[in-house]
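One structure, pasted below without further comment.
Letters A, B, C and D mark the chains as written, and numbering starts fresh at 1 in each.
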């Protein structure tokens, strides 16, 4: 009846077809963005010829990235020789597979400035860095060091002619400046690290080291008492031991005065000086204006949708053939808001190097061919993937006595079918073993993995009866001798582990232990944890060497859920918290001895003792062994090692020295 | 009418002020605060935070002061020198953060809303005129489908299909190479390409309500006697349709139009997160989740203002559209 | 058959009652006209079926809420077969046993049907105990297979629980509680919106301001505070009930706005003024005269609100607040399906979306039927 | 009351065998079952009958604005008064496409219509002025200012004072009587040849009713237009009409000049109607007579006289057996009743049409 309607329908169909057409124009250029030759890296073609021509004749002048060669040619940059340290002091970075070629972007996903470590760790340059197997440190920014026998004096040599990313020379003054005006004055929001203290083996009191300049490229650190693992602990806690003096002297309140500093802070857009100093002093790699020694330097505002870091022209490392590193021109970090986008982006080739947890293993493996990438697995030094930590210092007296009773922990461990947990939660990847140090890592104990790892509900129930939880309420839940009910409250802050906590609830309630799962947001959980209200946590334990980073196993401060307020007692010097006794006290004794130990062997032995105590008490119960970290690397990216350890101490991806990653055409 | 509008605007100021008090109180209701959230995030990335670190940070940010004191400082800054406070997360003044995302938010919202109204109203009319025809059932069914599927699920499914069929899941609003590139024709096309999924997801479900309401209203109006009079005057069917029933049917739609003002400026939140759209919704969602006090507070204040304005606009539109009400207002 | 000014002419359904039909009540007429709307009739039947299946969910579902089974994690839907591998026909449909193995490369659990183990379908099988309507304890399930066979008609979820049973059991929550929410927001919207529109003046101003304040409420921190405050042990379904009520207390403002708009324009109609003069009480005027005036919009608004409520729960569980195990609802099932690897690897997890869409379609077509039937001017 | 015009010219509009059938679920309703009448220029034909006898549908069928469900058949021959003697065939309005340009050029310009309920006939959304100008802008002039001038003229012509202010007001700001006047001004704004008035004054009180009728007569004088007056009120018929057609159950049961109907009613139904009309000075104590029973539903009706159940003078076996032929009593007086057809010796072969 109405002709208008027919016209209307036609218009609508046209609209739909336009929209449909919109997404059919086939954009399948999987390779990294610069393949398409759009506004990025314009001298792509130049690079190809130059590389073929250059070849490996080697001995003549060291080679550099084409984009820098052009700048050096038209004078904006000094020639390569002046940019690198003196020939002898140049650090040669061994390559994993082969000599790479220049060019290309490392495209990765990050969730914005809050995710600063995911660009911070891979680009980090410590004074001394951990070697491949993590047993000790090797020179990096520092060229070499000498130490006297009782490990109280460390003489560290820097690399002559080394420069900051803005071309200014990097000398011992930068180390002294950092020590005197920043670290010891605690200007960047961090207390002075333990590594810089040495402990009197007798009285146990701490003494701060002294740092003196020997000459432009050498400085000496003197400890009052022996500090055997000083360099290792610096590599763990502080990592770098220097700062661009010529930059910081223009902003530190101590040098420019409080109000001038505040004014500068305001110019940078900060509200108060402290926040400004922390960002520029500690998280400095996010700011283009701050010179750094890192292979890539920040180029734009980290709060944008895409954060870019460009190669450092003064980077002081070359590959074995003398080509100045890094091979890749830029890091391009695109902002994502949901983990599924990292997966989809990798599948679609938007990100050519990303890391994942084991739960994405199957999706990634299935799309390896289509996405043109390979999945590399690195081992983690974690004790478990899924487990529980019972808060030894929970307020409720009944629960505390129960948690401290080893039989209860054995019962909880035996009452859960680990094969089912590993099948369901880790997709069959993890082994059904107890929480323990893995083979090949420092502190490995024979047979620990099988301690209480069987599935024996009867023994578990027998143990619970033995403890005295014989009375039952109407729903068959066990009661304390005084009639009050035994309730475990597992607290967690993410939806991811809903399956796991539900299984735990089923097994515990099968044993008559009433269990609640409480999900709160992460801020609330943090608050509850620090106010000791988290009875049972499912947080993971991951430690490379207790001597390096004790926090997970030794209650030094309120951090790890299982020891709760013991940590507060130690950190408050006995004023607050709960006094540790028994094996926990013994652990603290061992730790004091480690701090005052004279030799590395001594330290390792004591570390082993601490781990043995953990094995004996099993405060932390594990139901699924550790799972590897997955690295999805595009098949176009070379020199990525296959078998390293993914640990925070080794700076996760930093251990692979990304400067020598390279992109095939 | 002007006098009435002025009165309403004056009335709005105490309301917005009252809302700002409630809003500020509610934001910090959950137990943790910004610092505990920041500490939790950092500990995941391996950087342990001690009690002292957190206490120092709280003092820096002024979060150790009681709530009402924080509120007064915030409001005082706004009233006295127009400073809306500082975003902890972005380390930038709040206005700078809002400004950064405003452009794209408006583009996405306005395009989606235009799609909704331009699609829903004609279909609503069509379904009313051609009641019980296949077209009626088809369009109704399509719009119900949009309404019945949770946005974020539809978004993920569409993204995955786009990946399997076209190899590109169309994440975010721009392909990697255009994000920081200056505006150009290519960039505009790329944006249009990326707009397809959000428009379908947000648009489709939005159309469902509009189509149903429009159809219901049109069916009421089509059979009214004034349509017969118009026909007796010799008007063409098309002219009758768009002048009389359509105009009357727009009344309920317009009366809630004012309230979509707030959704224009936020855009849908959870869908934007899933589709990784760089617009206000997710920014404010995270600000609330992480209790970035002044950013969240300012934004909600801005939303309150928009809600009040939206109601005012709706009332004015209601009056302008329906003469009966207009004459009543002329009386007051 | 509209006689503009003649007496009410009606579409007599059965010739038999033809004679007196012309003088029957309005409801009778609405019923007659409603039946003319084919799709609405079909929707009514489907809805009745849905609610019946929700009522007998525990009985119809082969498994209960707690049947975990790590051997069958993420198993694809099983085919009910009549003809076995050798081509023999069986009257009673049967299901093959499931063999599972892991692809060494991708660790993906592969399921193949084990053709030599056949499990014929049984009815009235003994299974997990439940309390029918919370009163009568029983453990009979309509369909099932003998141990160690398994009957997964729609596949299983990431904990190896049968999806078909969880959809049925989830419908108990998802079909009942949202209606309460819609009911509350409908009643509130009507009364407050109506009063505000009908009385106008300062009352209208106050109510509008209250609505504005409620509309600009930041619900997210409210839910976060709620999730922290609620003790973990309260029955999850009751918590969902609280959430829906709170949700309703925020949603009614939408309807109130429109009801107010309608009331303002209708209250000057002659028939309303006449009723007022005749001394009819205000409330009676609102119910008897004003409401029928735009009953069509009310019906449409209500049926539109239902999907919003059903899905409200998914947004909640996005914050970890919605229904939590062991109880389940369609919202939870959709939430689980939302993860990318589920869509990529186990697409059958999206099936619950079908039931939600079915419910929404039927409610809305029913709404259409009611709307058309209630329309006095309808030809 | 107009004087008899001299010689009968061609009628403005001749309706032949008009049938309107409405499809119902349980059969087909013959709302209008074979109606014939003529409308002459400048004269007023009254169509009277109880509500539901099909008079409204008949009047609307002339310009094809009945709802979709009505199937209309028969012929409506229309001859514009501009060329009364034109040779070629008159235009059959029923044959025109209801949405077509042809019929639309006639509606509002040649044949206009006013309705019973002026409040709902006007759209509340637009001013009275706007709705009046609409017809003018289609049929008479494209120029808005000129159209407004005409509209204002029409408003003052129908007796609405202060037309400038009234022009911009909305329907709900008009009183019942004024709205009807505005409706009339709208209808006559393009000086049509025929005005169809569908119960124009039913919704008005008596004093306003008289003014409106007076107005219609005056405008008929001035414009010389024909009027088809549909009403159930015999008082109005007496005052306004030249000829009268009495309708019952979809048929015209009696048609004659107005005086003839009042003085010499033939059909029992017409007599019943006249008896039930209150008379000035009539006997105050006697109860008014009324016709018992109620109008049957014309669905699947056998061929019989619709009035049979209520007719006191019905003839068993005849009136309820066959459909009633029309009998021409005198030149201009027709009645459809067996009482009269027998007097002329059984079935005459007059131009009576037997409805099928």
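In the analysis below, a residue touches a chain if its C-beta (ideal position, glycine included) is under 8 Å from a C-beta of that chain, and two chains touch if they have at least 3 such contacts.
Model, not experiment: these values are computed from the prediction.
Enquirer: With respect to inter-chain C-beta contacts, which pair, B-C or B-D, contains the greater number?
Expert: Between B-D and B-C, contacts are more numerous in B-C.
Enquirer: Taking every chain's C-alpha mean, which one sits closest to the mean of all protein C-alpha atoms?
Expert: Central by C-alpha mean position: chain B.
Enquirer: Per the centroid of Cα atoms for each chain, what is the distance between chain B and chain D, given in Å?
Expert: Inter-chain centre distance comes to 56 Å.
Enquirer: Could you please state the distance in Å, as a whole number, between where the Cα atoms of chain B are centred and where those of chain C are centred?
Expert: 26
Enquirer: How many angstrom between the C-alpha centroids of chain D and chain A?
Expert: About 93 Å separates the centre of chain A from that of chain D.
Enquirer: Among the residues of chain A, which ones contact at least 2 other chains?
Expert: Expected reply: 1, 340, 344, 520-521, 524.
Enquirer: Which residue numbers or ranges of chain B touch two or more of the other chains?
Expert: 30-31, 156, 160, 224-225, 228, 237, 289, 291, 322, 324
Enquirer: If a residue has to touch 2 or more other chains to count, which residues of chain C qualify?
Expert: 2, 4, 224, 228, 268, 318, 340, 344, 379
Enquirer: Under the stated contact criterion, what part of chain D meets chain B in this complex?
Expert: Per the stated touch rule, the residues are 63, 65, 99, 104-109, 112-113, 115, 117, 120-127, 134-135, 138-139, 170, 172-173, 186.
Enquirer: In their shared complex, at which residues does chain B touch chain D?
Expert: My answer: residues 224-226, 228-237, 243-244, 247-248, 321-324, 327.
Enquirer: Please output the residues of chain A touching chain B within their complex, sorted ascending.
Expert: Chain A reaches chain B through residues 1-5, 8-9, 11-12, 15, 19, 22-28, 30, 33-34, 36, 38-40, 107, 113-118, 189-191, 269-272, 274-275, 279, 300, 303-306, 308, 332, 334-338, 340-341, 344-345, 347-348, 350, 493, 520-528, 530, 551, 557-559, 568, 571, 648, 652.
Enquirer: Mind listing the chain A positions that touch chain C in their complex?
Expert: Touch list, chain A to chain C: 340, 343-344, 359-363, 365-367, 417, 419-420, 423-424, 427-429, 487, 489, 494-495, 498-499, 502-503, 505-506, 516-521, 524.
Enquirer: Which stretch or stretches of chain B touch chain C in the complex?
Expert: 11, 15, 18-19, 22-23, 26-31, 131-132, 137, 140-141, 144-145, 147-150, 152-153, 156-157, 160, 208-209, 212-213, 215-217, 219-220, 223-225, 228, 251-252, 255-256, 259, 262, 270, 285, 288-289, 291, 296, 300, 303-304, 307-308, 311, 314, 318, 322, 324-325, 328
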